[in-house]
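There are structures below to look over.
After this come two complexes, each holding chain A, first together with chain B and then together with chain C.
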Partner chain A sequence: MENEYYVCTGCGLLCDDIEIELDDGKVSKVNNACLKGVARLKECNRPAECRIDGAPASLEDAIIETARILKEADSPVIFGMGNSTSQAQKNAIELAKKTSAYFDDTSSFCQGPIVEAILENKIRTCTLDEVKDKADVIVYWGADPSNSHPRHLSKYTYFPRGKERQRGWEEDRTAICIDVRKSDTATICGDKFYQIPPQADEELLNALTNGLSGKVPKVSFGMGPKKILELANMLKKAEFGVICVGLGLVYSLEEIEPLVRLMDKLNEVSNFYLIPMVGQYNMRGSNHNLHEETGYINRVKFTGNDVEHGAHCSVVELLRKRTVDAALIIGSDPMSSLPGSIAKELLDIPVITIDPCNTLTSRKAKVSIPVATAGSECGGTAVRMDGVEVEFKAMTETDRMCDAEILERIMGEL
Partner chain B sequence: MGFGQFLKAPEYDIKIITYRDVFQSTALESSGCGDEYAERSAVILLDKGDMKKMVLKDGRKAVLKNNFGRVVVHLRPSSYEEGHEGIGYMTNSPWSNALVSSETGGSGVPKFKMITALISDAKDE
Partner chain C sequence: MTNALEIYQLLPKTNCKQCGKATCMAFAAALLSREVVVDDCPPLKEDKFKNNYEKLSEIITPAGEASESGMIVHTEKCIGCGNCVVACPVNVAEDPYGAGSGNAPTSDNVILRVEDGVVCLSNVSQCRRFGKNKILCNGCIVTCPTKAIEFV
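For the complex of A and B:
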């Protein structure tokens, strides 16, 4: 009998080799997934409840109340999307147009600049399948996939045998880690771990670019030119190299130009690609869908046929400056993920959450709408961290509606 | 100006770097409002030398505060072989986010990875 495989929506890796067992219509066993994936695919311990002002409500009433709030708001924001199917994202964009809303997603304060540079062809990228088949040098910079994307090394980058890398990690591949601390991934990389001080990433990027340009690379911290040149030479000799960029690198750069310059230099002397270590399973999908519609990946405001874009349209600035008077949060928990001093602004405006689980944000929301969990209870498509579209089907049946359907119902009510 | 100032726990400067932990992320997937997530999030890992110098003990709690927030977390010595004097590690969570600056310079991106705070023994909190 042929095995049936499912897709895990636990992170941006979208592992497509998941086997499950069902018991009484619920996922009882998950095979091949990592710890995080198993937890994601099994029902959360505290599923969201349909509530208005803290009191139990019918789905119908919650949808009517949501439509009322959005209609009455002068400047609503629609935010989240990283844990939504592509169809839900497209529906959310339509809803933002209809309500003249701001629209932003979590990439706004994480991997956004990297995905933007990729979509604008400023940085070369490749697929994880190409990495598996061809990559001989893998650099994790400011990333610790052993904790953030536990199957990244085993499924695609360092450990597997690939078409052109039959000897795998033992002989064919070199994994390098650059980070501010000796993470679990750094431990795997052994003597190819390069520890740098916090906020020193830009200096090392520039030093490597200089080293690859024949200049003496210098940094202000305790890494001598010899050590930097040793790293530069490893990168130069790569037949197929990839830099997997984590938030440690993204957050330490004021702008990504030093990274773009290093990538350009690497591609003069070698063959290098870059993949962002996207966290949420479909954050990149939101970037792609909005880009297709507006030419921007995030941070927009719709007004009629006009689209405004910029940092002032980011969820962080909108909350900081109290620009918005209502928020529709889809598959996200900004009360947890934003700085407390900024997230607290959500307490002063009506918030609607659409989420499968009870979250800090849903607990404070005026309207909380429960939905099916994408991946286990709801099918759809998503865009993997490397830009590959992945289709997934539901594992179980549920009475709860998918996020895309809920958004359609809200549109209908409007 | 009362005598109380002499009885307060001494405060020390600390830089906090956030990181990801698979067990904490798993707890988040199970329940972002659950006890296990709180247990695994409200923790700061300190340099062993710092703990000695600051007279902070493993298993006790510490107060972390700055202009943006104040949280009480569990204290643990880190298992890193190399010292990291003046730097504490916390998983990314509402506890670390409570201390992140609201200043962004208009960029829309908070400084999640570099937090400065004062640390002190939480006494009975």
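For the complex of A and C:
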């Protein structure tokens, strides 16, 4: 059976074995992808329209208006990027340089700290293919891939047979789930599910580090030393262990030092790697591209050749303190994802959205520019959650432009 | 998933034999395996068992939905994660480097595959739960995070 495979851009997993059927130039059937991927690849329910101030406009006018807003703004912010191709991200960074803009992406309130630690070699990481071939102990900490990345367990981490794990999940692998609630993934892990109260992750990280150092691990919540040691021993015996860090863990940690300490300890007594559960398909790509350019992964301000970096450059702080006077939002919907009190600040400044779908942000925006959906209508490259670059091609033809092209046009207009 | 005892509790428990079975318990077991339908129990249609009749009709999904191996996929619950596709022992034996390794199935002989985000059944006769010599394999049931697969 000879098949042509495509890449799914539904989430950070970038599954590369998708089969499609076309009907009248549109994707009519998507095989092997999960529901999330099918929804993304079969186009949005409400494609965005090209609009200025709510009235239909031509693409040309919208680009000119965008350039005008960016030129007139003193300190614009360029935000989003999680759902853009690597080329679009590079173009957006150039645009930010030219307009002396703040630049931030969704990792700012997502997996940013973990990816930063990985890029700075503080934490050991591996690829998902290595996990598939070698891993015997897999820990899902604060993550529920069954819902966030449905094929995470079946394509890479738990169920598949790998080169050194020929007997698959039944005999060769152990899946452990640490979470505040019994999620769908926890159900699959069965008796290897460790429930902890909210905000107790740091305590358990420290207790595990102690347990692995030969001390008696103690926590203030109802988990006895015996149970923690049992978990610590499972980790210790791993030949190739991996911790899949979800947002549950990232959000509950003030700083990631306790996690780094546990990883160091685990690598003294055993062999452990870490993979961040990146949500949007190319959020990690944005981190990589900006890191290459500036040495930082997100939250920067360009002024001439200088780059400023810090928490004050994050999109949340910028909006809260009303530092910015215009926003260019690419492939993101901050009005839906940011807290209401922060998101409402976007109503007071001119907002430009570049998005394939009609979102809450694009409906409220001053200028809304529609683009082709990356993955189904335009190709490019993206970085998978484990840092592997994946190239993908378009499935269908469209007259809508790709986000990289639109950004180039705006650049030209400036 | 329902069991025979649960069904038995909702039956008249009179062992009247009107259904052709020796006892109500036997009828419950037959109902569970979809050999008979709820309407085959005449006393259940009487007014005093009205509530039980309605409950039973709800529990017992019509056998029409089930495949020949007795598998029912609740498509509204399935998220297309493909855990069952990878875990199914028949899929692994037929297609070790495709379905068995987490990739797209590369053989036409697999029995489970994901189409349009929902799991679909083919080659039912290869399922270990098919036919006379069936074994109660549960590879696809225990690996399903949303409990979308049921066998009757």
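Convention: the second predicted complex is superposed on the first by the 413 of 414 C-alpha atoms of A that agree within 3 Å, B and C clash if a C-alpha of one lies under 4 Å from a C-alpha of the other, contacts with A are read in each partner's own complex, and residues count from 1 in each chain.
We take it that contacts are C-beta pairs under 8 Å (C-beta built on N, C-alpha and C of every residue); 3 or more make two chains touch, one makes a residue touch a chain.
This structure is a prediction, so every number in the text was calculated from the model and none was measured.
Upon superposition of the two complexes on chain A, no clash is found between chain B and chain C, which fit side by side. Once chain A of one complex is fitted onto chain A of the other, the partner contacts of A:A394 are absent, as it touches neither chain B nor chain C.
In the superposition on chain A, contact of A:R161 is made with chain C only, not with chain B. Judged by the touch definition given at the top, the superposed model places A:L59 against neither chain B nor chain C.
Of the two partner chains placed around the shared chain by superposition, neither chain B nor chain C is touched by A:L414. In the superposed pair of complexes, A:I18 makes contact with chain C only, with no contact to chain B. Once the two structures are superposed, chain B and chain C can be ranked by residues of chain A touched, with B on top. Of the two partner chains, chain B is the only one touched by A:G248; chain C is not.
In the superposed model, A:W169 makes contact with chain C only, not with chain B.
By the touch criterion stated above, A:R181 is placed in contact with chain B alone, chain C being left untouched.
Using the contact criterion defined above for the overlaid structures, shared-chain residue A:Y5 touches chain C, although it does not reach chain B. Put simply, chain B and chain C get as close as 7 Å, counting only Cα atoms, in the superposed view. In the superposition on chain A, chain A positions 34-36, 38-39, 146-147, 150 are in contact with chain B in one complex as well as with chain C in the other. Contacts from chain A toward chain B in the complex involve residues 10, 34-36, 38-40, 42, 44-46, 108-109, 144, 146-148, 150, 180-183, 195, 198-199, 247-248, 251-252, 299, 311-312, 314-317, 320, 333, 335-343, 357-360, 363.
Those residues of chain B that touch chain A in the shared complex are 15, 17, 19-23, 25-27, 29-34, 68-69, 80-82, 84, 87, 89, 93-94, 97-102, 104, 106-114. Those residues of chain C that touch chain A in the shared complex are 78-83, 85-87, 92, 96, 100-108, 113-118, 143, 145-146. Chain A meets chain C in the complex at residues 1, 3, 5, 17-19, 29-39, 132, 146-147, 150-151, 153-156, 159-162, 168-169, 184-185, 187-188.
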